[in-house]
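Each chain carries a letter (A, B, C, D, E and F) given by its place in the written order, and its residues are counted from 1.
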């Protein structure tokens, strides 16, 4: 099989697209953990497990970060459409 | 096209940077929703960041042109 | 396999992030060995980071599912 | 057209070089905005536009950062030439 | 020589592996310098050379960072083996 | 050659890190020129960073050798 025909194989394309998506999701989880760990566990002292309060904070942190992204994306799209 | 792909990639990078910077600056303790003051802070933060991006972009382009004329 | 390579790559990235974060948090003035209190701090820091990773991962997956159902 | 002959096509090479330069410039603008936003807008409060002072600060920030890079590059080249 | 046969050439594979290792080591030196510079030179004032104390601190910083990585890696492997 | 390309790439990375670190440390409020005290601070900062790079590089190489001998 030549490189050209491999690249246009629909099965392979689907496989690569799925892997790339998995990759992006894992990268985003790394990124979010990094941010939310700092927001939610700073004053954690020497406890041996995550407290209930810290767990809720982490869950809220993920949700609010994504809300923040949506807000900014919508606002930016609006600005572009208004040609500002 | 390659041009479009680059533009999309840079737009994504800009949106990611904006989210990081404005989330860190505006959301101190993440609650069960974004409060209206957090939303206002995020909107202003992202507007100012975009304006700053434009100023920096122009200044950088000016500098490159000046350096090229010197040689 | 590609799957395994990705898994190894992500494990390495996680270990690198853990080392950075917990070294910065736990070792203020690097001495000639890791003191026992530094070791304890590093162990707890890395355990908590892994737990946080799991919580974030689940929350993120839940959100994606919810968004997909809305459409 | 084979992969080999494509790679040595002068038109394509020029196209790729231009794209790469554009790419580097945009990456540098991202980088500078990130640094200069922190230097110049920290105490910006809730104003709805950039103030004149902030705009001048951003312009100076870009210029001085590039001066700083030039200074460091020249100094490093000197050190290498002196074999230190 | 075709791309396929080039990729399976053992000499080339060894060359690429060595370069990649060198690359990783240099990247790690960049990373460690960045971290240890902040830990050891913060209060360095305007001295014209590294002090003996700063040099020892940098050496210890590299060693302790690597100890920290080993500790975390072992702990993580243990957790995985215990299926926690 | 590949070797030269890698060397150039690493030199560029080092210069970028140096500029970031020393600009942040030495230029608090960017003015219309670099003042002489800012220039002095940048020169010393970059000299010390290069020295630190050399110390770290040697320590890291020593550690790798010691680990290899243990096995």
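Going forward, a contact is a pair of C-beta atoms (placed from the backbone, for glycine too) under 8 Å apart; a residue touches a chain by one contact, two chains touch by 3 or more.
Keep in mind that this is a model prediction, so the values were computed, not measured.
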Review point. Quick one: which of D-F, A-B or B-D reuses the A-C interface, over half of the residue-numbered contact pairs in common?
Key: B-D
Practice item. Mind checking the centre-to-centre distance between subunit C and subunit D? Centres are C-alpha means, answer in whole Å. Key: 32
Revision key, fill the gap. Whole-angstrom distance, CA centroid of subunit C to CA centroid of subunit E, is 18
Exercise for review: Could you tell me the distance, in whole angstrom, between the mean C-alpha positions of subunit A and subunit D?
Suggested key: 27
Point to revise | Interface hub residues of subunit B, defined as touching at least two other chains | key: 47
Study note, to complete from the structure: subunit D touches at least 2 other chains through residues 3, 36, 40, 61, 63
Check your understanding: Ring chains in order, subunit C leading off, subunit E next?
Key -> C, E, F, D, B, A
Point to revise | Touch list for subunit C against partner subunit E, complex | key: 15, 18-20, 22-24, 26-34, 38-39, 42-43, 46-47, 50
Check your understanding: Touching subunit A in the complex: which residues of subunit C?
Key -> 2-3, 6, 10, 13-14, 17, 21, 40-41, 44, 47-49, 51-53, 55-57, 59-60, 63-64
Review point. For subunit A, which residues are in contact with subunit C within the complex?
Key: 19, 22-23, 25-26, 28-30, 32-34, 36-37, 40-41, 44, 46-50, 54-55, 58-59, 61-63, 66
Review point. Along subunit D, where are the residues that touch subunit F in the complex?
Key: 35-36, 39-40, 57, 60-61, 63-65, 67-69, 71-73, 75-76, 79
